[in-house]
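Handing you this structure, nothing more for now.
Chain lettering (A, B, C and D) follows the sequence in which the chains are written, and residue indices restart at 1 in each chain.
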Amino acid sequence: MSSCTVILQLICPDRSGLVSELAGWIAQHGGNILHADHHTDSGAKLFLSRIEWNLEGFDLSRSATRISLNTLATRLEGRATLSFSDELPRVAIFVSKQSHCLSDLLWRTRNGELPMTVPLIISNHMDLEPLCKQFNVPFHCIPNSSNKKLLAEESILNLLKVNNIDIVVLAKYMQILSKNFLERFPIVINIHHSFLPAFKGAQPYHRAWDRGVKLIGATAHYVTEVLDDGPIIEQTIAHVSHRDEVQDLIRKGRDTERMALARALRLHLRRQVMVYRGRTAVFV
Amino acid sequence: MSSCTVILQLICPDRSGLVSELAGWIAQHGGNILHADHHTDSGAKLFLSRIEWNLEGFDLSRSATRISLNTLATRLEGRATLSFSDELPRVAIFVSKQSHCLSDLLWRTRNGELPMTVPLIISNHMDLEPLCKQFNVPFHCIPNSSNKKLLAEESILNLLKVNNIDIVVLAKYMQILSKNFLERFPIVINIHHSFLPAFKGAQPYHRAWDRGVKLIGATAHYVTEVLDDGPIIEQTIAHVSHRDEVQDLIRKGRDTERMALARALRLHLRRQVMVYRGRTAVFV
Amino acid sequence: MSSCTVILQLICPDRSGLVSELAGWIAQHGGNILHADHHTDSGAKLFLSRIEWNLEGFDLSRSATRISLNTLATRLEGRATLSFSDELPRVAIFVSKQSHCLSDLLWRTRNGELPMTVPLIISNHMDLEPLCKQFNVPFHCIPNSSNKKLLAEESILNLLKVNNIDIVVLAKYMQILSKNFLERFPIVINIHHSFLPAFKGAQPYHRAWDRGVKLIGATAHYVTEVLDDGPIIEQTIAHVSHRDEVQDLIRKGRDTERMALARALRLHLRRQVMVYRGRTAVFV
Amino acid sequence: MSSCTVILQLICPDRSGLVSELAGWIAQHGGNILHADHHTDSGAKLFLSRIEWNLEGFDLSRSATRISLNTLATRLEGRATLSFSDELPRVAIFVSKQSHCLSDLLWRTRNGELPMTVPLIISNHMDLEPLCKQFNVPFHCIPNSSNKKLLAEESILNLLKVNNIDIVVLAKYMQILSKNFLERFPIVINIHHSFLPAFKGAQPYHRAWDRGVKLIGATAHYVTEVLDDGPIIEQTIAHVSHRDEVQDLIRKGRDTERMALARALRLHLRRQVMVYRGRTAVFV
């Protein structure tokens, strides 16, 4: 459990013999496969694979593994990514004023549920600085009002670069990232407080209450430049009744939000998610 | 359990003393309350109440109860409905080609889960006639193509009238009822195969697959003239993954659809649903 | 929402006119009922009622209300409890080494989801002292090994008395309270990490894994002197598969545990739970 | 979708190179893998694999495939089973008086959700004969009272043999099969109306009601000679409240029972279930 594993994610055009080829490559170098998941999207004629094996006993160095895999991926006309479980992703968490997702993520990280490090937290408000202090995580307040959005995003991008950030998590960050930002930093996970595609945009709980729904939801998804439209990783729901006011939906929603975000992030960190054609394959 | 109960549903402007007034009226006539549920919508300043008591021991006749209640409702500036549990509603079920909801409803009716009688089933196709025969329910095929929609609806309205139908249930009836129809027969319950308000309209499973959702849903609701916009009674969901094709969504959806529709209909039949301001209060 | 409400809980032998009598008493003193829930246990011939009304406009003082209600309850041969929503219960939380329930409860209290104050936290280990400090709650470490259990319980009972504690919550307190303790302090809520009555006692996740279950659960219940046998307030579940090791069950279980305990405690604090004959009625 | 696939299930001691070896064998014969799932039980040091590929293009005949696979399995010191998706298992359904599971299974079979044929239905009561007639399935009534249990089981075993039955499904068959029966016909799937291991044995709903649980469940499992103790395939749950009488638990339970049984049977029929060491791996 504690020893390091290698995780391969490959996506390429489907054809016969792919599993054999991948497994053969790993076996030939002494790798003992722990998990192997494959999926064929028959409509798109694509093959997706996630294989995880023990680093111990594998006879290639990390860099040699990368080179060998790239050669293989090129031959298969696909793209591959390689990860090592002991190389923890560096995650920046963006927040505004609400603490429920942030405190949950920090608690889970400390508790070992989320294999990542959190070098910085960015907010457009000061409210959550004390919470960050409790967890000893550097907190940066970068106001992001409409007229200084460009400047704010430049500052943020700079911080991400300086801190070698791999992933941005929007844990109730009530700002929309620009197209420019996403082009320069594309790996962003967001939690939206509705069951997408219902109630895109602002104030989903108010609109859910108006519509008289009997279930509310939360959606964790990758961010794209179209609002609330990126590939969905995880969705959770909660039951509501006529007795619930908007405030109750918000309260119940906090639990669905933090569950959906924590699960999605864990899946991403463990490289169980693959994105293709605007959707995700989640290998559980 | 088997003896007859009286069910009162009242909606009126909120003020002090309403529960006392209603309970007092019932007690004064010897009624023993079995269930009493009240809800105050503080935004709308409305009071909603559902009270159920034993007919045995109640000293008013059914007609006298109606008169006495109407007097009370008038005084409270509200509207009240009265039901007796041994007067089974007469329900017409509308279907097209799919059998899953119809067979489920007929089986539950026979099994005693749905307190209703089904004097007729109407379809725009012949496919489900054999199933209706198995359950000894009269089947009427009324084709409903666009150019004869008006005529078809007239025939249907006539059948509803002749058969003294109280409620229409659209159990996968792939036709839209006209505004005229709904004005003349307003109590219609529909099952829509999505988690409303997501994926209103046609082919929700195809669109859900395209969007890459991780949960699909079904919504049972009262029909209004705006498509898929009526008051929601019940919503159910099922988990899906990237391995599910559109056909799998349809298959899994059948279970969520029949569960949502059966539950909603049972709630309606037991007078546990009250509609107001485009939404429902469901007393469970 | 913010104004004070009065909550009446009554249990008495069932007979006609009870709702009328209670509602009449409230109306006569100018009370405007916000919520009224009644339940008749026909097997036990018992009537249970929870009524909540606005203190504003009610013409009896708090003490006069108590006296008047006691007179009423005596006449009905029942027992009644009266609560005022602005009188926050004082809750002592007992923990051992695990932080997930404690941090969740403290966070929800701070966030306004749990209407209570936490004057002290008691543990048989030092591990969670830093967490308590972060939330500024006094922490008392009282080791509770088998040979000094009696002494430890005396110290604890004394602390509860000195701090005027109303409720004890066992938030993963891995000790069994003695019969003597429970007789002297009977209002104790526990979280058990299984779907009771399955897997009573120690190491439920290990035993669940051995049995190969596909769902795990958590149960929040009142504590009685028979282990894991008290009235159940709330149960939650999580899906597991053959891929989950015992450690994964424990990890997933943490989420079901903290959800079940938080919900149960909120229900109790809002006086939505009534206990009778070894079971609960939960008015939601 | 409609074309025939080959499904391999293998269990053997874990060692390096197994995925490669299996995938290599399939690739070498021209098989195009559609799904491949592997699981390593690290405690038991066992490797489990399910691979599904298109028959079209595979260059071995069915019998040659069997021989080649057996050679492979022997070398790996494991056991393998081979299935072809167009060879529908022959299933005997055993019932007593309740129809909900039987009618559900027959409806799903007709509807194409369950890839099987049902050559006979066996009951110890006459009640469900009309339902079987509606679906044109031969019905055999074999009374099974205690004093003629042996004789009844002989008759049943004979019927299973004559009809070449592959699987027995106990769809609310309120009889316990003897050890002798199970030794001679071991593939039996049962639906138990509780969340096992809670409430083994008789009258689980009555006992669940007595205990005051907030969730009820159903468990589909393989039958072993120890009552309600076999490997679990699927578990489902439903919420209950203090308002639910035993009869309501039974009613709600019918839905959880038929869902759990239908899902478990579908998983088994599609060879997604592997049994080992008293538990199941379910590849979904």
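Couple of notes before you dig in:
Quick note on the criterion: a residue touches a chain if its C-beta (ideal position, glycine included) is under 8 Å from a C-beta of that chain, and two chains touch if they have at least 3 such contacts.
Note that the structure is predicted; figures quoted are calculated from it, not measured.
Using mean Cα coordinates as chain centres, the one most removed from chain C is D.
Residues touching across the chain C and chain D pair largely coincide in numbering: over half of the numbers involved belong to both copies. Averaged C-alpha coordinates give centres for chain B and chain D that are 36 Å from one another. With centres taken as mean Cα positions, chain B sits 41 Å from chain A. Residues of chain A in contact with at least two other chains: 39, 241, 243, 245, 284.
Per the touch definition, chain B reaches chain C in the complex via residues 15-21, 23-24, 26-28, 30-40, 51, 57. Within the complex, the chain A residues that touch chain B are 39, 41-42, 195-199, 211-215, 217, 231-235, 237, 241-243, 245, 278-282, 284.
Residue ranges on chain B touching chain D, taken from their complex, read 1, 99-100, 103, 107, 111, 113, 134, 241, 243, 245, 247, 251, 255, 259, 284.
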